[in-house]
Amino acid sequence: MDIRDMTALELGRAIRAGSVGVREAAESYFAAIEAHDALYHCYNTVCKDEALARADEVQKGIAEGRFTGALAGVPIGIKDNICTKGIRTTCSSKILENFVPTYDATVMQRLEKAGMVMLGKLNMDEFAMGSTTETSATGITHNPWDPDRIPGGSSGGAAAAVAARLAPVALGSDTGGSIRQPASFCGVSGLKPTYGAVSRYGLVAYASSLDQIGPLGRNTDDCAALFAVIEGKDPMDGTSADHETFSFDAAAAGEIRGKKIGIPADYLGEGIAPEVKQAVLDAAEVYKALGAEVEIFPMPIVKYAIPAYYIIACAEACSNLSRYDGIKYGYSSPNAESLLETYIRSRSEGFGMEVKRRIMLGNFVLSSGYYDAYYNKALKAKRLISKAMDDAFRRYDMLLGPVAPTAAMKIGESLSDPLKMYLGDIYTVMINIAGVPALAVPCGFTSDGLPLGMQLIGKPYAEAEILAAAKAYQSATDFHKKFPTLQ
Amino acid sequence: MEWEIVMGLEVHTELATKTKIFCGCSTEFGGEANTHVCEICSGMPGTLPLLNRRVVEFAIRTGLATHCDITRKNKFDRKNYFYPDLPKAYQISQLYFPICRNGYIPVTGADGAPKKIGIHEIHMEEDAGKLIHDAFTDSTLVDYNRCGVPLLEIVSEPDFRSAAEVIEYLEKLRAILQFTGVSDCKMQEGSLRADVNLSVRPKGQTAFGTRTEMKNLNSFRAIQRAIAYEAERQIELLEDGGEVVQETRRWDDNKGISYAMRSKEDAQDYKYFPEPDLPPIEISEETIERIRASMPELPEQKKRRYTEELGLPEYDTSILTSEMAYVKLFEATVALCDSPKDVANWIMGEVMKLLSATATLPENMPLTPEALAAVINMVRAGKINRGTGKTVLEKAFCDGVDPEQYVAAHNLAQITDLSALRPVLEEVIAANEKSVSEYKAGRTQAMGYIMGQAMRALKGKAPAQEVQKLLHEMLD
Amino acid sequence: MQIDKDLVMYLEKLGRIELSEAQRAATEKDLQDILTYIDTLNELDTDGVEPASHSFPIANVMREDEVTNTARPEAILQNAPNSRDGCFVVPKTVE
C-alpha cells in the first residue's frame, strides 16, 4: 500500500511496526508536494530540512520508547496562523510575510510530544477572513477535485492538502466555519471543537471569542486521534476549559443506535442547493437505518446568526489586528516619514481588501454612538442563540445539517460580492457563536463530481459523541474513501 | 466675584507585585531596555493574557481600606488606541464592571470639620511602555519594561474644594496603599501619579464649570502649584469674558506653567468592549472576608495601637504613621531595643533631620533598624553620650557603618572606670592654677570653667556628673 | 443605517488605513449592503436579554505572582523592522 494512501492511524501503525520509516513517510509526502503543489498551492512554507531532521529524531525516539502514541512519526500540515518557533508564520498576509515566531503554540508543543512531524505551513484566507482562500496574499489554493474551483476557507490549504494527499492530517482553525466548510468542499473530515477544548495560545487571533483550532483528516478516526493529542486545559489560555478528558475509544466505537438527531428546518430552507439538501436528507435516512431517530424541528434564530457573527467577529478582529503597525514585527512601509504615516502606510500596504473591510466594519460597530445598536445587540443575540442551542439539546443528542448551501464555487465567483460570500456561512457561524462542537464529513457528490458535506453538531465537550455518530455513518458509506485524481 | 474651585482626582498607582498583570515578567524598576519583556507583554501575535491573582487581592485590599463596595462579578474591557508605548494597540482595563465602587477617604474640610471625599471607582489595568526621545537621530526609542505592570486607577468624585484637601487626600491614600502593601508609591519612579480635573464656578452656583485635566504632576508640590496656576488661569479667563476649553493640559514644573496637549474635539474613540481573552473574575463573600482578616494594619489602627499599647502621645503617633518607612523603622527598632518612646524620639528628631539634610525621601531610608537600635542601646546604657550617639547615627545613616564597631574603632566609649579619671583631672587642675585658686577663694562660678576644661581633656567620654563629683572631692 | 463617504473615511481613520478613491467607493457600497443585511438583527426581540460576552461559565482563571520569564531582548527585537540600543525605533513622537 502506498504510504500516501494510508490514513494517519494506518501510517502510525505501520511506523510503529517498523514497516515504514518516519523519514520515508515524510519523504513520500515531500515528493508529492514537489510534484503537485506548484499547481494546488496548499503550502505557504515547506519545511523539508527541518522535517527530515525531526523525522530521524522521532525514529530514534520511537525505538527508545519515548514516542508511543498512535500518531508518532506521522507527518502533519499546519495552518499558517498557528505560531511555529523559528518557522515563518504569515497568516497569508503581506503584513506578516517575514514574521518568525519566537515561541511555539501550545498545540505545536502537544504535537511535538506526540512525535508528529510538521511538513509545512498551509495556505489560508488572509488572517482567516474569508471562505475561499482567495484573500490569501500568497496566492489561491486550488480545489484538488477541480482546480478551477476554490477549496473553501479559510483553512483551504489544510483541507486541500488532506484531500490531495499532500498531508495525512492537518490542523486548521475555525472561527465561523473555517475548518468545516473547506473540509466539506474538499471531501475530507474536519472537527471544530468546543470553544475552550483546545488551547488558543499561539493561534494568531482573528476573533478571540470564536476561534478554535481543530483537526482535518481523511476520516473521523484520524480527526479523533489528532484531537486527542491537542485537546485539554492549557494554563497559558485562560479561556481553555478544564473538562473531562476526551475518549478516543468512545469516538471510535461508532455507536449511534438509539440516539436522537434533530435537523433544524431553517438549515434546509431558502438558498440551499437541491443537491446539498438531498445529500443531507439521504444521510438522515442512513442514520435511521442505523437505528437513530431523526426529526426536523424549527430553529428560527438561524437567520440572525450571520448578522450577529459578523458584528462580533469584526469587532474583535479590528482590535486584534491593531497590533500590526510596522513597529514590532512584520511589514513596515518604506514610504513613511512620521509615526502616523508608519501606521497608515504599513497597514494600508500590508493588509488586503477583505481584512480592511472587516477592520472598518469592526470599527463601525464599536464606535461611540453605534456600540449599543450593533455590538451590544449582537451580544444579546449571542445569548439567545446559545439558549436556542441549549433548548435543542434538551430534545436531541445532536443536530445534523448541511455545512454550506452549495458545493465549491468557481475561482473568482465570490470575491466581487462580499455580502454573498458572508451569506455562505449561514450554517456554520451559529455553532461558533454558541461555542459548541461540530464535525463536517463527506456525504455525497454533485453531478459534477464535487464533494458535498454535512455537519454533526454536539453538546459542549461532546466531541466523542459526534465523532462516534460520524464514524457510524462512515462505516455505512464510502464517500470519505474517494480521492481526487491529481494533475 | 468670589470663585469656588471644584476638583476631582484620577490617581494611578503601580502595584507592588513581583510580576506583571498578565505575564510572568518581573516588575522590577530599571534594568536594561526590553529585558523584562516577553511575547505576551510585547503583544506578539497569538499570545494571550493570564491574570495575576495578587492584582485582584491588592485591588480588594485597597477597596476595603477606602470603604468601597467590591464588585462580585468582574470583567475586563479593551481600551483601543494606537500609540507606540502600547504594543497590542489596546490597554486591558475595566470600564463596565470596575472592581471597587462607591467608597471614600475622610479629610479635613475648609472649616476644620471632617469631610468625606467620595471614591467613584477603582479599577485594574496595565501600564504602558516608555518612549525615549533620541535627539541624535531625532527618533523615538521604545522600551516595554514597564508595559504590563499592574495599575490601579482610583477615581474620586469631584469633591475637592481646595489644594489642601487634595494633598491631604493624596497623603492618606498614599499611606493606605503603602500600609496595605499594595504599592510603594514612589512618585519619581512613577508608581503614584495623579491627574487633576479642575473647574471653577461662582460661589453658590450648583452647576459645574467646564473642566480641564492636568497631567504630569510628579510631586505633591507640583500638584499644589499646578492647582494654583490652573485655578487662577480659569478665573482670569472667565473674568475677562472668555470661556474655559475642555482639554488636557500638561504641567511643566520647571517653568511653572501648564499648556494644552489636546482638546476634546480630537478626543479619541476608545471603542471599549469586553475582553474576550479573559474570563470573568467572581469574588465571593469568603474571599472578601479572608482578605479583610489578613489585611495589614492601616495608619489609623496603628495610631490607636501605638497609643494604647506603647503609650506614645498622639503627636508622635501621627508623625510616625505618616510614612510607611517610619513605621517600618519604628516597629523593627522597637522589636530590637524595647523602648518605644526613645525610638520615637530618635526617629522624629535625628532621623528626620538627617533625611531632610541629605534630601532623602523616607521610602529610600538608608538607616537600618539594627543600627538605630544599637545607637539607642549604647546611649541608654551610658556607653556613649547623646552627642556621640548623634555623631554615630549620622555615620550609620550616611556611610552605613556599624555603630558598635565604629564606637570601638574610634575609641568613643565613655570612661566607666572612675580611677582612670583621677590622673587626667590632676593634670587639668595643675594646668589651671588661676581658676583653681579663684574657686578656692570662694568664686564658685570658676568651677564651670574647670569642668569645661576637664570635659575637653576627656574628649567628652566621661559622664559629666561623675567628673563634677570627683572635681569637688579633689578641690573642696 | 445609511453609509456615506465621510463615514467610510472616518472608519479608515479609526483603523489607521487609507483607501484609494476607487476602493473607497466600492467599500461604501459593500458596507452599505452588509449593514443593510446586518440591520435584520433589529427584528430580533432582545428586550431584557443580558449581553453574553463569553460562551461558557468559566471564571476565576488566574496565575500565581511568580516570575517565570528571563531577559530575552534579542528574541523580543528579532522581528523588529527597526531597532537600536535594545529598543524598537519609531519616527519621533510629538507631544
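By written order: A, B and C. Residues from 1 in each chain.
Going forward, contacts are C-beta pairs under 8 Å (C-beta built on N, C-alpha and C of every residue); 3 or more make two chains touch, one makes a residue touch a chain.
Bear in mind the structure is a predicted one, so any value in this text is a computation, not a measurement.
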item: Per-chain Cα centre nearest the global Cα centre, belonging to chain; value: C
item: Chain pair, most C-beta pairs within the contact cut-off; value: A-C
item: Length of the line joining the C-alpha centres of chain A and chain C, rounded to whole Å; value: 23
item: Distance from chain B to chain A - Cα centre to Cα centre, in angstrom; value: 55
item: Separation of mean Cα positions, chain C and chain B [Å, integer]; value: 40
item: Residue numbers of chain B (touch at least two other chains); value: 39, 42, 50-51, 82, 84, 140, 142, 269, 271, 274, 276, 278-279
item: In chain C, residues with contacts to at least two other chains; value: 14, 16, 53-54, 58, 61, 63, 72, 76, 88, 90-93
item: Per-residue overlap in chain A, given as positions that touch at least 2 other chains; value: 99, 102, 209, 235, 238-239, 318, 322, 325, 327-329, 339, 343, 363, 367, 379
item: Residues of chain B that touch chain A when the two form their complex; value: 39, 42-51, 78, 80, 82, 84, 87-90, 140, 142, 269, 271-274, 276-279
item: Contacting residues of chain A [partner chain C, same complex]; value: 98-100, 102, 195-196, 209, 235, 238-239, 241, 301, 303-304, 306-308, 310-311, 318, 322, 325-332, 336-345, 347-348, 351, 353, 356-357, 359-364, 367, 374, 376-384, 386, 418-419, 422-423, 433-435, 460
item: Complex interface listing, chain A residues touching chain B; value: 82-83, 89, 91, 96, 99, 101-103, 105, 200-205, 207-209, 235-239, 315-316, 318-319, 322-323, 325, 327-329, 339, 343, 363, 366-368, 371, 375, 379
item: Chain B partner contacts - residues on chain C that touch it in the complex; value: 14, 16, 53-54, 58-69, 71-73, 76-77, 84-93, 95
item: Footprint of chain A on chain C - complex, ascending; value: 7-8, 10-12, 14-19, 23, 27, 30-31, 33-35, 37-44, 46, 49-56, 58, 61, 63, 72, 75-76, 78-82, 88, 90-93
